[in-house]
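Structure, as structure tokens:
Just so it is clear, A, B, C and D label the chains in written order, and each chain counts residues from 1 on its own.
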Amino acid sequence: MKTFDARLIANYPVNERYWQMTLDVSARDTPARPGQFFHIRCGDAWKNPLRRPLSVYNYDDELRQLEFLYLIKGSGTEQMTRMKKGDSLNLIGPLGHGFTLPDQGPLLLAARGVGVATLHALARQARAEKRGVHVIISARTPGDLLTVEALNQIGAVVHTVTDQEGTSSTASVRILSEQLIRKEKMAAIYTCGSRRLSKLVQELAVIYHLKGELATEAHMACGIGDCYACACTVCNDNQLKTVRVCTDGPVFPIRQVVLS
Amino acid sequence: MKTFDARLIANYPVNERYWQMTLDVSARDTPARPGQFFHIRCGDAWKNPLRRPLSVYNYDDELRQLEFLYLIKGSGTEQMTRMKKGDSLNLIGPLGHGFTLPDQGPLLLAARGVGVATLHALARQARAEKRGVHVIISARTPGDLLTVEALNQIGAVVHTVTDQEGTSSTASVRILSEQLIRKEKMAAIYTCGSRRLSKLVQELAVIYHLKGELATEAHMACGIGDCYACACTVCNDNQLKTVRVCTDGPVFPIRQVVLS
Amino acid sequence: MDLSVKIGSLTLKNPVMPASGTFGYELAPLLDINRLGAIVPKSITLSARGGNQTPRICEVDGGMINSIGIQSKGIDQYIAYILPAYRHYEPPLIASISGETIDEFAQLATLLDRQAGVAALELNISCPNLRDNGQAFGMSASATNQLLSSVRQVTDKPLIAKLTPNVTRIQDIADAAECGGADALTVANTFLAMAIDTESRKTRIGNIMGGLSGAAVKPLIVRLIYQVHQATNLPIIGSGGIMNGQDAVEMFLAGATAVQIGTATFVQPNAMTTIIDEIITYLERHRIGAVTDLIGRFELA
Amino acid sequence: MDLSVKIGSLTLKNPVMPASGTFGYELAPLLDINRLGAIVPKSITLSARGGNQTPRICEVDGGMINSIGIQSKGIDQYIAYILPAYRHYEPPLIASISGETIDEFAQLATLLDRQAGVAALELNISCPNLRDNGQAFGMSASATNQLLSSVRQVTDKPLIAKLTPNVTRIQDIADAAECGGADALTVANTFLAMAIDTESRKTRIGNIMGGLSGAAVKPLIVRLIYQVHQATNLPIIGSGGIMNGQDAVEMFLAGATAVQIGTATFVQPNAMTTIIDEIITYLERHRIGAVTDLIGRFELA
């Protein structure tokens, strides 16, 4: 983990609400793992004093390039879209605990919204290790579906479900997931981006005895474990415990996560 | 007086500390007179919520261009130097009372520092009316002397005095001024930019029965007479009175000005 | 779309008005004054006052400090020249008055009670620039109560007490003002503040301290509105740091019925009409029929 | 160039230290902790506490609101794990303690009095996030005096009272703390604040209100330092809104002997060492030999 400046190589919209950014991180030494994040200074310190946490969307070890996929949500991410090639961005990272893979077997990933940014990195790593990867991507409309091509290209099998087509209800996704778990003999299941999906994945992990992990979100100040802004409650050995998303997470075993 | 946006045509440094800016004000209808000023939004509303007052350095009625000559003093003027051709600047103006000329006769102008910006406009107007104009410009070093060429070009006679050459003391400037007043039969005397010069000019105006005017400065909020931020004390008919620099000034008869 | 609000017996066509001391008829060429909910001229004192030393203002990040100190030509001149100057504008005029003693407040109210051109009185019991070291009547619940009671006796016009934010428990002051007979509360005046230029090592305000206004104070004002709204039933006029329509809506949600705009007018002279437009757009977008439907209607995160 | 300052009997090699709650050893890879004037860990409570609801922070213009609410594992764990973790760093450690009752403060002080690793105690009598609706001991002069007197009886370590800015007259609280036996005062904790998201109409902090920190509060803190400096002879630790060396110098000029940095560390993890460098540059440029020569040395505009 360190603080460093990275030069922007590219920054462009992938659809109406999402942008993708590529940074040259050759100045950095530790590679970033899927599920880890960087804490980014994305505007001037007056209007946006706080940094913004963004997951690794892709880390290219050879080119030493780091990619983010981000949703324009408020003023901070809006500021990010104004940055141009050659600008430099201040980052702290890589931060937090990433995903862990089971010893063997294929993986089922279920993402909604910007959750695909986080799971995309995991899919890449798993494919690099020649694992079977199925990704269920859920979105409001077919136009909102993200990274489908990129995932196809690396050899992940993508299943898209949308509200518009009526295929994204918990019931439908449960049927689809159970089919995949049984047919593909899934070893682990991962999710990010939706409370409804998280609940489903938690149930499936228990029922099918799968390794399961969830990437969580929380408002952060320090991003490194000092301030307790990002507290969330987990349940470990039947004991409720308050932990920090930034350092104890953001990835947690799905069984520990308390979903209200 | 109105609020309007003006497009920037040019913005460049004239020496280490001074910049000159030209604006296209063809959207505006009232011409600005020497001694009047514009209230300028020069940064983002967070870092620089207040506008900055700048005198008309030059107003070209035909080209409909407005020029400012400004000193980089703090964060607001510093922001101004970052503006580029094509950017637009929000102004309120023209504001305040400008200089008035005597019915006839030549003028003596005495300026120091950024005061030349204000008096330059007056010199131009007087020269356009074919008046004789002598300008004493005082500065720390010869390198700090501003607008000498421009003044020469319009046919004003420039006398430079500097601290470095030891020619800028009140005594020296008094001798020079008295020579000019007597030799050229000056009808009026104007000053801006230095308390020492103002005192001298006040004395000379009284002794030689000259029309005299001073352009004053004050910290301003509204710039249009509402807030009383810019209060200063004048003495009229032996009565002390608090007036507003922005609307009652910035140009005052030199006899009324109370110099401590 | 209903923008009208009630401040005591006074109905305003919309909830946006100027903050005293930041507005004058000089704005007429730059702002459509007739679109405002009310007109609030600079606070007036009984006799003429010269105001404080210069510099009277300085800029700080996200705002400004002022120490104008109520420069005023006195109530007679106000009645003779200031009130008539606003007569041909539509919005009702709220006269802000400022006394050095409770008796002065009562005298001012007595004189203005007779003026048809005055729709309501705002009692500036909170100016940090008048008395020694930023002291104000509004810092004491008992002084506030006494002051309101005295003024209440001499006029039936709606009374708006302008509270100071520089207190430990604003609820107590709000309560004292309500008991004393206030019809509404302005929350709040400026925050006592100070700035020093590190290069010259001089204070940036001639009077050492002054009042902080502008965007920087908004989260403090939102909190004060919420606290006052919990403590009283009086309509609240929110004031402090409103730069756009969204800021105004935030104050309605916290409990304000109307808002006053000050520093934003220095940034942009027509800020108030822009803010009215932005409030309308907000209500439309959220399909809310009346601005009063926003008052105090926030939910827990 | 002499950067050293004295806080009671404690000498610091320079006047820059972290503000409690914004610092931890997790910063070690990003900040040279040994360059700090002191180490101030997060406030500790007697027993374990879970902290407040989320969201616990939100960003506002020029700052942030927090309502962490002192998440703590209790004093035993602090003595067993937190203190030892700082043992190998050079700067003296100032332990910030926070109790719900005066007795809890005294118990905490008793336990820490025996710890060689604790150079001084900072009494957080001002946390707006602990008790109902932002109440704090530091809002009452008598509670402050009692609290200080009680703690003074159980320890000889330097006592620093961290005052709340949310009061009518901070001078009275400062005086009460001094009389109670405080050796220094931190001016101040965060300002009670609130923010509402106008789109969702939800509060932006789970606990409704929280404490405002960051650049927006600087002019208020400078004023509070000035007022406290006039009222007491105790060394003052300025805290609130310092983003760079110039801000720190402004607080020294207003009357502070040292400064604490909070929000700036979130912006840039090495903000504190940058600020130390900027103070040195300032002193060099102005040919001032000792940082103590700046304390309270402003002139009138």
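Everything below uses one rule, namely that a contact is a pair of C-beta atoms (placed from the backbone, for glycine too) under 8 Å apart; a residue touches a chain by one contact, two chains touch by 3 or more.
If you're wondering where the values come from, they're calculated on a predicted model, not measured in any experiment.
Asker: Looking at A-B and A-D, which one has the bigger number of contacting C-beta pairs?
Answerer: So, comparing the two chain pairs, more contacts are at A-D.
Asker: Among the chains, which one keeps its Cα centre farthest from the Cα centre of subunit A?
Answerer: B
Asker: What whole-number Å value describes the gap between the mean CA coordinates of subunit C and subunit D?
Answerer: Here the centre of subunit D sits 33 Å away from the centre of subunit C.
Asker: Roughly how many whole angstrom separate the Cα centroids of subunit A and subunit C?
Answerer: For subunit A versus subunit C, the centre distance works out to 48 Å.
Asker: Rounded to a whole Å, what is the gap between the Cα centroids of subunit A and subunit B?
Answerer: 60
Asker: Just the number, please: Cα centre separation of subunit A and subunit D in whole Å.
Answerer: Averaging C-alpha atoms per chain gives centres 36 Å apart.
Asker: When you check subunit C against every other chain, which residues touch at least two of them?
Answerer: 54-55, 61-63, 215
Asker: Taking each residue of subunit B in turn, which ones touch at least two of the other chains?
Answerer: Counting only residues that touch two or more other chains, subunit B contributes 46-47.
Asker: Name the graph shape formed by the protein chains and their touching pairs; answer line, ring, star, complete or other.
Answerer: Basically the chains close up into a ring.
Asker: On the basis of the stated criterion, which chains touch which? Give every pair.
Answerer: All chain pairs meeting the touch criterion are A-B, A-D, B-C, C-D.
Asker: Could you please specify the touching residues of subunit C with respect to subunit B in the complex?
Answerer: Contact set of subunit C toward subunit B: 21-24, 26-27, 29-30, 42, 50-51, 54-59, 61-64, 66, 68, 71, 214-215, 243, 263, 265-270.
Asker: What does subunit D use to touch subunit C in their complex?
Answerer: Residues 53-55, 60-63, 65, 133, 139, 166-169, 191-196, 198, 200-206, 208-209, 212, 215-220, 222-223, 226-227, 246, 249-250, 253-254, 282, 297-301.
Asker: Please output the residues of subunit B touching subunit C within their complex, sorted ascending.
Answerer: Contact set of subunit B toward subunit C: 1-3, 41, 45-51, 76, 90, 92, 218-222, 224-232, 242, 247.
Asker: Would you tell me which residues of subunit A are touching subunit B in their complex?
Answerer: 46-47
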